[in-house]
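One structure coming up, written as C-alpha cells, with questions to follow.
Order of writing sets the labels: A, B, C, D, E and F. Residues in every chain begin at 1.
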Amino acid sequence: MPEEEPERLISEDGLRLDGRKPDEMRPIKIRAGVLKRADGSAYVEVGANRIVAAVYGPRELHPRHKQKPDRAVVRFRYNMAPFSVDERKRPGPDRRSIEISKLSKEALEPAIFTEYYPRTAIDIFVEVLQADAGTRCAGITAASVALADAGIEMRDLVAACAAGKVDGHIVLDPMYYEDGHGEADVPLAMMPKEGEITLLQMDGDMTPEELKKAIRLAKKGCKIIYKEQRRALKRKYGEEE
Amino acid sequence: MPLDQDLLARLKRHEVLEALRAGERVDGRDFEEFRPIELRTDVISKANGSALIHLGNTQLVVGVKLEVGTPYPDTPDEGALAVNAELVPLADPTFEPGPPDENAIELSRVVDRGIRESEMIDLKSLCIQEGEHCWVTFVDIHVLDHDGNLFDASLLASVAALHRTRVPRAEVVDDEVEVDETETTPLEVRDFPVSVTLALVDEHLLVDPCLDEEVVMDARVTVTVTEEGRICAVQKGERGSLPEHLLDDAIDLAVKKAEEIRRVVKAQL
Amino acid sequence: MPEEEPERLISEDGLRLDGRKPDEMRPIKIRAGVLKRADGSAYVEVGANRIVAAVYGPRELHPRHKQKPDRAVVRFRYNMAPFSVDERKRPGPDRRSIEISKLSKEALEPAIFTEYYPRTAIDIFVEVLQADAGTRCAGITAASVALADAGIEMRDLVAACAAGKVDGHIVLDPMYYEDGHGEADVPLAMMPKEGEITLLQMDGDMTPEELKKAIRLAKKGCKIIYKEQRRALKRKYGEEE
Amino acid sequence: MPLDQDLLARLKRHEVLEALRAGERVDGRDFEEFRPIELRTDVISKANGSALIHLGNTQLVVGVKLEVGTPYPDTPDEGALAVNAELVPLADPTFEPGPPDENAIELSRVVDRGIRESEMIDLKSLCIQEGEHCWVTFVDIHVLDHDGNLFDASLLASVAALHRTRVPRAEVVDDEVEVDETETTPLEVRDFPVSVTLALVDEHLLVDPCLDEEVVMDARVTVTVTEEGRICAVQKGERGSLPEHLLDDAIDLAVKKAEEIRRVVKAQL
Amino acid sequence: MPEEEPERLISEDGLRLDGRKPDEMRPIKIRAGVLKRADGSAYVEVGANRIVAAVYGPRELHPRHKQKPDRAVVRFRYNMAPFSVDERKRPGPDRRSIEISKLSKEALEPAIFTEYYPRTAIDIFVEVLQADAGTRCAGITAASVALADAGIEMRDLVAACAAGKVDGHIVLDPMYYEDGHGEADVPLAMMPKEGEITLLQMDGDMTPEELKKAIRLAKKGCKIIYKEQRRALKRKYGEEE
Amino acid sequence: MPLDQDLLARLKRHEVLEALRAGERVDGRDFEEFRPIELRTDVISKANGSALIHLGNTQLVVGVKLEVGTPYPDTPDEGALAVNAELVPLADPTFEPGPPDENAIELSRVVDRGIRESEMIDLKSLCIQEGEHCWVTFVDIHVLDHDGNLFDASLLASVAALHRTRVPRAEVVDDEVEVDETETTPLEVRDFPVSVTLALVDEHLLVDPCLDEEVVMDARVTVTVTEEGRICAVQKGERGSLPEHLLDDAIDLAVKKAEEIRRVVKAQL
C-alpha cells in the first residue's frame, strides 16, 4: 500500500501505480505437485498472493446418503491463514469465504468429468497464505492445477483472473490498492479451450459496455494464466497434460 | 407416504425440458416474462421499514431495523449496513434449521451488493456522531414460500422496505445516544436498484426462473441494474458454464427488464 | 405501548387500556392454507401478533435411528423474525424459544394420531413475524390449523389462549403492555371437544383460587379461538373439517 | 453386553402400571409421599453459597457465584439473576455432552421462575452503583445422579444455597469495583419457594415421581408455592393432556405438600 | 490462599505453607460406588479437590463406523462445574479441559483390557466440583476406581499424583498456592504393579536431574494413592479387587 | 478407487516393525537421527514474523502477528501470548475442517508451553501502557504437509519466526494506541527452546518419528529444552505406557539432540 494516498491510480502516460500497463498481469508463478500427502497439489503466486491448493480424491464419501449414484460430489474449501491479511483473521469460515467456496466449486465443476467417479467425493482445499487482491481467482487457478496433478479427468483446465475499473479505465488483474480504491472488480473463470465462462462476479459501478469490455479483458488474462498452468504441469510431467 | 423424490424430480425435469423444446416455459410464460409481482409495504409495525412481496408463488418479508452502533474504524463518518437472509424451514422442505448455509449467505451477499454498490443509501446520513455512534441498518430477509428466484424477490422487497424506512430522531446527550422513536424522518434513498436473474436451461436464457426451472438449470446469472441503467453487481452461480455471447445477451436483457420491473414495483409503493 | 405510563391498567368502569372488558379477546383473524410449498399452513393474527405456521409431513425421518416404530415423531420449531420485536432479535434459537418449542410440541402431540404414521416425522414450523403478547398461544393455534390443512389425522384441534392478572383482576388474552406490567400470565392450550388441557404455564403471583379462575377464563378464550379455527378451515374446505 | 433397552423399558412400564392398578407405587410410597430429602449446605467453599441435595437417589449440587457485572438498561438499580442447569453425562446414560438441550433449558427456566417470581431475592440489594455495576447471581445446577424429579430437587437446593449465600463487600473506587472477599454479609432472602411436581400416570397424580415413573408418565405438572401459600409458577410438561379437575387437584395438593416440604428442608438448614 | 503473599514457600525448617514435609501428600479420601445410575463411580478428595467420576459401559457405540472391531473405544470427558473455581467457569469444554481429557484417556487406556470388549464404548466422565491444584491427577485416580467399580477388566489400577518444584525444592502433591507460585509442575500417572508410566507432563523450569527426581517422587505419591484406591474398593467389595 | 485403508495400515505397520527388528528404521535413518531441516524465514510479509519449515516431508508455516489488546487483570504490566494450530484438511486426508480438535489443541498447547515456560519472550517488553494496552502475540501454526512430528517442526518454526519478529512502534495518544507499522524494532528474544519428540515403538525410542512410525507407535514423549540445557516442558502422549528407565533415557537423549538441532537451525536464521 502506498505510504501516501496517491491522487490518481492511472498516471498521465497510462501506467498503473505498480508501473503496469492497463492490460498487463502481475508476475505469475505456478508449481504443480508441491505437497506429498495430497493426491494432487499446486502453489500459485500472483503478485503478492501466496496460495496452496490440494486435492484429495476421488475418495469415499461419508455419510453414504450424500453420495450421488451418477457422479462425484465436488467439495471446495477456501480458507485464509490467520496471518495472510493485515489484521489477523480469526480461524474458521466467515460469510465471505463460504460464498467464495461455493462459487469456486461451481467454477471448477463444469471442467471435471464427475460422471467418471460415481459415489465418490473430490475434495479441493485452498489455503491463502498471503492475500493480495484476487485470491479467489488465484485459488481457482491453483485448484485446477491440483486437480490435474491428482489425475482427475477434466474437459479442460479452469483459469481465473479478474479485471477491474480504476480511474475510469478497465484494467487487468487489479492489485490490492486498486481493488480497494477502484470503481469495480470483475473476477472471472473460464475453460479456455471452448471459451466457456464458469465464474463471473462483479461489484461496483460500470456501464453495460464497460462490463462487457472487462469480461473480454479478464478472458485475455485467463489465457495468460492458462499458459502458465500448462507450463507448470509440463514441468512436472514432462509434456503437456 | 414418502414418495420417490428422485423419480418426481426426473419427471419434473422432463416436463420442463419438453416444454422448452416446444418453445415454451413450464408455466406458460414467455422466456423474458416475469411472474406477477405484488408488493405491500409497512406490514410490520415493529420494523422501521418493511415489505411483503409475492413474486408468483414466491413469498417473503423484509424488515428493516435501525439500531444504534459504532462506526467502523475506517469509515468513522458512516453508518453501517447488514443484510441477512434466513431460509427458514417453513418455506421449503429442503431448508434446514441452523445458521445460514452457503445458499442463504450467497443470497444475502448478492442483495447486499445491490444495495451497497448502487449507493442507494447515503451511509453518511446515518452517522450520528463521527467515530462514536451511527445507525446500523439491518435488512432481514425472511423467506416464507419458495417458488424460485429468491434473488430478485429479495432485492425488490429490500429496496421497497428501505424506500419506506423512517429514521428516528437521535441526539447525543452526555456521550450517550437518546433515541426518540416518535419523531422520524424518511431514510435518504437515492436509487432503486433492481436485479434480474436468468436461468440457463438447455442453452435458453429464462428470465425469473420458477423453482421447477431452477431445479433443472445449468447456470444462473443475476445482474443488478441502477436507475440510470448502469450495472452495480453481477453473480453467476450454479455448476454450469456459459459462453460469452450469452453473457452479453444476459446483460442487455437484464438492463431492459430491470427498467420494466422497476416501473411495475414503483407503482405499488 | 402508551406514551406515558398509565396509572392503572383497569379503569374505574372496569375497562382495559385498549377498551376491552376483562373477559374480552383481542380481534382474531385465522386463514388456512396460505403457503404453496408446505403440506399445510395457516396465518394467525391476534391483536398485533402476525404468525405463520407450516407443516411438512408425515415425511421420512433421518437419521433412521430416530424413527419410532409405532408412531410419528413430532418436531416443532418456534422462531421469531429479527424484525418481529422492538429490539432486533439475533437470528437463531435462544433459551426462551427452545422452551416454547418444547412445550408447544407437547401441547399439540396429544391431539395427533401419531400412531397412524409410524417411522415418519411431522415437522411444524412457526414463524413470528410480529410479536404482541401471547405468541406461543397464537403459534399453537396456527400450528393446529396447519396440521389440519396438511391432512394429518387429529383427535381435535388444539386452541390456545392466555389469561392474566392485571391490577388484581383476572383478564383474558393480555396484550403487550398488560403482559409487561401485570402481575401474572397464564398461557393455556386445550382440546376443546373433551376439555383436555395440553399446555399450562404460569408465572407471577396468584392465589390458588385466582389461578383456577384464570384457567377457567383461558379455557373460555380457547373456545372462541376454536370457533375461528374451524371457521378458517371451513372457509378453505367448504365445510367443517 | 448391549442389552435390549426397549425390552427393559417395556418391562419397567409394566411393573409401574401393575403397581398402580393395585393402588401402590413402584417403590412402595404413598401417592402423595415425597422421597427422603437430605440437604447439606456450604459444601463448595469456592462458591458464595452451595447445597448438595439427595432426594431419594436423585443427587445434585447447586453452587451460587456472585460476579460483578453491569445492570440491564431497563433495570439500572437492580442486580441480575442467571440460572443454569447442566445435565452432565455422568448423571444418566441418556444425557449427552454439549450445550444444554431442551430438557436442561426447561429445568433451568422453571427454577429461574420459582426464584424470580417469588421475589425471594431483593434484586435491588444487589445493585452496587446504579446503571454501572451490580452483582450477577449465577445459580448453577449440577446434576450428579438422576433418579427423577430434577425440578423439585433443583429448586430446593437452589433456594437452600441462596439462603446460605454471602455477599462480599464491594466498593466503587475510581469507577472500578473493588471486592473484598473476606468481608461478607448474608444475601437478603425474603421467601422460601418450593415446587411440587406431580406425574400423571394412568389418571393418577403421583407426587415426586421417581425415574421409573417419569418414564411412563403421560404429563407432568410443577406448581411452585411461596411461603404464604401463593402460586408463583406453574409448568405442565410432557406430551399428555389432563382435565381441569385434575389440575385443580394438583394445585391444592401442591400447596399442601409445599408447606410440608419447606418445613422438612428448613430444619436441615 | 494466604492473605498476604508469603516470602518463601518452604520454611527454614523445611516445611511447606500448609505444614507438610516436602514428600508428604495432602489428606486423601476415596469412595467407590457413590452414584446409582452409573455403571461404576467414585468420589475423590485430595486436599480441597472434590471430584466425582462415573463410568458407563461397555455399551453400544453410535455411529457404527466409529466402532473398533478388535477393541472398545475409550472416551473421557473432564469437566469443571462452573462453581468449582474462583472465577465462575463458563460451562462447556475449553482448550485446557480438551487437552486434559485426551491425556487422561491415554493415561487410563493402557490399563484396560479393551480387547475384551470389541465394538463397544467405555465412557468415563469426571466432574470437578471443587478445584485445588492437581485435578487432572485426582480425576484419573477417581476414574480408575470407577472403572473397577463398573467391573471393567483391567491390568492394574492407574494412580496419579503430581510433583512440583517450589523454592528450588522438589515437593510432592503441590497445593493451589504452590502450583501458582512454584517453578514447575509434574503430573504423573502410573500402573503401580509394573511401574509403567501412563501420563507425564511438565511445565516450568527444571534441570534434567530435578525432573528425574520429581518423577521418582511423583511415583512415590502414586503408590500412596494406589493403597487408598484399593482400600476404597475393598471397603465396598469386602476384599481386594 | 477407495482402497482398503485398514489393509494398507496393517501392511505399513508390518513394514515398520520388520525394519525395527532388523535394527533399522523404515526410512533408513539411525534411531537418534532427525530428518533434514530446511528453514526459511520472512516468507509472509503481512506477518510481523514468519517461518516456513521442512522437516523431511513435513511442511508448515508459522506466522506471528502482533495486535493491540488489553493486558490480563492479573498481569497488568505484560503482553499476552496466544498459540494456535490449524490442522487444515489440505495437509492430511484425516484432518477435517472445523474448530481445532484434541490433536490440534494438544499441539498448540505443547508449543505454547515451550515458548512460555522457556521465557524466551519478555512479556513485560510487550506492555504498551500498564493495565490498559499491550501487544498480543499471535503465533499461528498452519500445517501444509503432514509426515509426522508436527510438535518439533511447529516449535522450531515458531521460535524462528519469533526470532525474526519486529514490533511496530506504538504510542498512546489521548488514551488510544497509535501504531506506526513503518518503524519497527526486533522483538526481544532471550532463549531458543527446542523440543525433541521420541516415539516408543516396540520398546525402541525413535527420534523425530515420521508419519509411518507415528501410526504404529505405542507412546510419544516430547521434551522441550532451553539453551542452557534445562527442561521447560514435557508431554507424554498416546495410549501406551513406558517404564521409568526409558523416560530417563528419553530425557537425556532429548537434551543431547536439542543442542544439535538448535545449532543446525540457528545456522539457517
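Rule of thumb we're sticking to: contacts are C-beta pairs under 8 Å (C-beta built on N, C-alpha and C of every residue); 3 or more make two chains touch, one makes a residue touch a chain.
From a predicted model like this one, the values you see are computed outputs, not experimental measurements.
Counting only chains that touch, the fewest steps needed to get from chain C to chain E is 2.
Among the remaining chains, none touches chain A as well as chain D. Among the other chains, D has the CA centre that is most remote from the centre of chain A. Chain centres here are Cα means. That of chain A falls 31 Å from that of chain F. Distance between chain centres (mean CA atoms), chain B to chain F: 48 Å. With centres set at the average Cα position, the gap from chain C to chain D is 27 Å. Each of the following residues of chain D touches two or more other chains: 100. In chain E, no position touches at least two other chains.
Taken chain by chain, the contacts form a single closed ring in which each chain touches exactly two others. One full turn of the ring, starting with chain E and passing chain F second, gives E, F, A, B, C, D. Those residues of chain D whose C-beta lies close enough to touch chain C in the complex are 100, 102-103, 105-106, 108-109, 113, 116-117, 221, 226, 229-244, 247-248, 251-252, 255.
For chain D in complex with chain E, the residues that touch the partner chain are 1-2, 43-47, 50, 57, 59, 61, 63-65, 67, 84, 86, 88-93, 97, 99-100, 138, 140, 142, 144-147, 182. Note for the complex: chain A touches chain F at residues 3, 35-38, 48, 50, 52-54, 56, 58-60, 77, 79, 81-88, 91-93, 117, 120, 123, 125-127, 129-131. Against chain D, in their complex, chain C makes its touches with residues 74, 95-96, 98-99, 101-103, 105-106, 109-110, 186, 190-191, 194-208, 211-212, 215-216, 219.
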